[in-house]
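Taking it in order: structure first as structure tokens, then the write-up.
The first chain written gets the first letter, and so on, giving A, B and C; residue counts start at 1 in each chain.
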Amino acid sequence: MVSSDQGNIAKFMIGITSYGAYVPRYRVPLSDIAKVWGKSPEIIKNSLKIEQKSVPGQDEDAVTIAIDAASDALIGYEGSLENIDALFVGSESHPYAVNPTSTIVGQMLGIGNDYLAADLQFACKAATAGIQAACGLIADNNAVSALVIGADAAQSKPHDMLEYTSAAAGVALILGTTNVAARRAEMVSYSSDTADFWRRDGIAHPSHAGRFTGEPAYFAHVEGAANLLMKKSGITPDKCAYCVFHMPNGKFPRTVAKRLGFTKEQLLPSLTIDKIGNPYSASALLGLVSVLDTASAGDVIFMVSYGSGAGSDGFLWEVTEDINQLQQKRKKAKRLLSDYIGDGMRIDYTTYLKHTGKL
Amino acid sequence: MISPVKIWRNQSSITSYRGRHGVVESWTMIRVPLGTYAHLAPYPVVLVKFEDGTRKSLQLVDWKKEDLKIGTRIQVVIRRITESNDEGVIPYGLKAKPCDGK
Amino acid sequence: MKSFVIGAKTTKFGELWSTSPRTLAKQAVQGALKDAGLKKSGVHAIYVGNMLSGMLGGQEHLGAFFADELNIAGAATKIEGACASGGLAVHQGVVAVESGLYDTVVVLGVEKMTDHKPEAVALALMGAGSDQERLSGATFPGLYAMLARAYMETYGATEEDFAAVSVKNHFHASMNPLAQFRREITVQDVLRSAKIADPLKLLDCSPISDGASAVVITSKASPAGVRIAASVVATDTLALCDRGSLTSLQATKDASSRAYEQAGCGPSDVDVCEVHDCFSIAEVLAMEDLGFYKKGTAAKAIARQETRLGGSGVLVNSSGGLKACGHPVGATGVKQVVEVVDQLLGRAGSRQQTNAHIGLTHNVGGSGATAVVHVFERYQKGES
């Protein structure tokens, strides 16, 4: 039994002990999509601030992407597979309506049978909700390490606005209390019933409520969580090295960062959207990975995700010395996020349709 | 539909090869596919040799033209084996991805 | 060895839309019995070589099926070994007669493939390979294509060299009224044909065919005829990836070396042979694995026309081979025997090899997991 002192220390030192990501190799330029639908490529690219988006292979899905991201996270993981006592996968493209993604991933990684598996869905913030739940399990001494994955092979209807942004990628975080490279200093969550973007069971593509996805949805919840985070922790933007926000397009995170008092320099390192689009449950987490790949000990990272429906999860991460080892291992394996993002193969719109099952 | 029992029974043979590195010993481009792979054709199939001397026949994915040669280094990845329009359990299995020594 | 072929008959091979498997079997078996001068009542067992009847047609229990259909009382069994089903059925017939339990047997090879779409047939044919091979999306041509690639890389053979196999076999088939394809082709035709599995093209590959073939084997020698001098089966790993070599089929080497031993002869004694050219590369490998040519030299030798009718070497695939005569899977191994028997008895018409005394058949299952080699000898009572 853990004494309250030990329990408090555990709570104090919970954080990211390893992390990984995966981006599929294929890229379709937004200009190709725009041309097919008779839109001006320049106007589209400027309004969304995105160049191209990642496209999954025909044989990739949220399960395979989750496995790839987790395999990547295992590169820096010092612990044993048996100590992964919880495995959560957050996605809005789980291949099954009934049958867990998380156990397929757990089986493929070989983590044994002694773990809690759960699938989460909450639009783009399914995985960050999983992080909060996992921290609770660890603090409660019911998990030594937890593996939380956000993975999506996002679908969108051709000719819909979402077609320009919906992408594919996965991020895996291993949380624990040993060799913590980024300590979870604080976490909050802000939730409401706001149906700005949704997908009914059995329907292939999501729907959205147009401009309603802006102020009452994204901004209200991101700012709501951000304010809760600043109030609870006492942190102010000037004390942060970086800020990371969910990226449904290139404009929203820039706007909300400015409103909250962050500078362009604090935001820029996390903006993965311009090169690969919006991979939904992996979006904010990809921004976090991008920052972690270059952060230094002592850096504070202010992160707020967003999931339509709606809600935002806020985190304060404090980077420690242990980040250096992780960065080195990932660099040596040529698996920094920049390696994945740079390793792209261009495809045209027709091939993109083939890959995403529309042909 | 592939038997879910068979899928379950074959899990360990898949997990033990995940992430392993190997070298292409021979290759071909399948242009007339088996029915279940029609949606992926044309696709390359490679004979891969692993460090322990064992070999496997695997589909090659995410490839560039210059990868289609004897000697290409690959890593084993896990991908969907069949198409998604099916009521059955989805079979995930081993494929080979060129890895440039990564 | 004390078994003799006394009757042999092959049906037309091809896309025989209106001919059922029952009709094909009747033509072959009745023809072979007539050739042997034998009544049905003289048959003590029937062995049926077939691969796809169950998977494609839903019909198993072929021993009983054909015994019933042909009105032959006796022990009836189906034998299956992928593309070696026919050769294995012949071997079974030999074993039956050699054992002394059966005096006279019929071996029937029969296959009906054109009732189904090529995709369904391709999938069924991959039943000859391993599960992993099927999961990798490999097709039969794909497996042999990888053998071809390895051979080209190791010995510098070219696609033109391989094309010579198909050209030769089409030339032979032009003289075989039963062959599926009787049109001669050129190397350019082969090179220009559609790619199936690089580097193999359409004209490098044997077709989908219907057909049947039957032989009668007995323990009693007649004044003159064909003696079975060797009947050997050898196996190797099921999957191509588990083999020892990618440029040779060990099962062929094992089966043939034991067959030569059994028959008391060597490759240089063989005058005529039918080898398993499911794909052009397969005939190249067979020439080397059967001992006719040194490793790495057969492709060029075939391109020099040494194994063609009138050539300097052994006559190979005078029937047209699998490529041009056709390849109804279960029938092929038996048809090969019929062709060699016809050659040895001087019945091969314009394809006749001069002084054909010793013949060899070579039948392979899958990508080389099974190999069946038979050696036949023409004999005259009074000769040793």
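Convention: a contact is a pair of C-beta atoms (placed from the backbone, for glycine too) under 8 Å apart; a residue touches a chain by one contact, two chains touch by 3 or more.
The structure displayed is predicted, hence computed values, not measured ones.
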- Message: Please classify the inter-chain touch graph. Allowed labels: line, ring, star, complete, other.
- Response: line
- Note on the structure: Dominant interface by pair count is B-C
- Note on the structure: Averaging C-alpha coordinates per chain, one finds the centres of chain A and chain B separated by a number of Å equal to 28
- Expressed in whole Å, how far the mean CA point of chain B lies from that of chain C is 32
- Would you mind pulling out the distance in Å between where the CA atoms of chain A average out and where those of chain C do? 60
- Item | Shared-contact residues (touching 2 or more other chains) in chain A | none
- Considering chain B alone, which of its residues make contact with at least two other chains? 40, 81, 95
- Contacting residues of chain A [partner chain B, same complex]: 24-26, 57-61, 63-64, 67-68, 71, 95-96, 99, 104, 107-110, 333-335, 339, 345, 357
- Item | In the complex with chain C, residue positions of chain B that touch it | 10, 25-38, 40, 43, 45, 47-48, 55-59, 70, 81, 91, 93-95
- Inside the complex, what are the residues of chain B that reach chain A? 11, 14-15, 18-19, 39-40, 61-62, 64, 77-81, 84, 89-90, 92, 95, 100, 102
- Message: Show me the residue ranges of chain C that touch chain B in the complex, using the header's touch definition.
- Response: 118-120, 122-123, 126, 130-139, 141-143, 145-147, 149-150, 153, 194-200, 239-242, 246
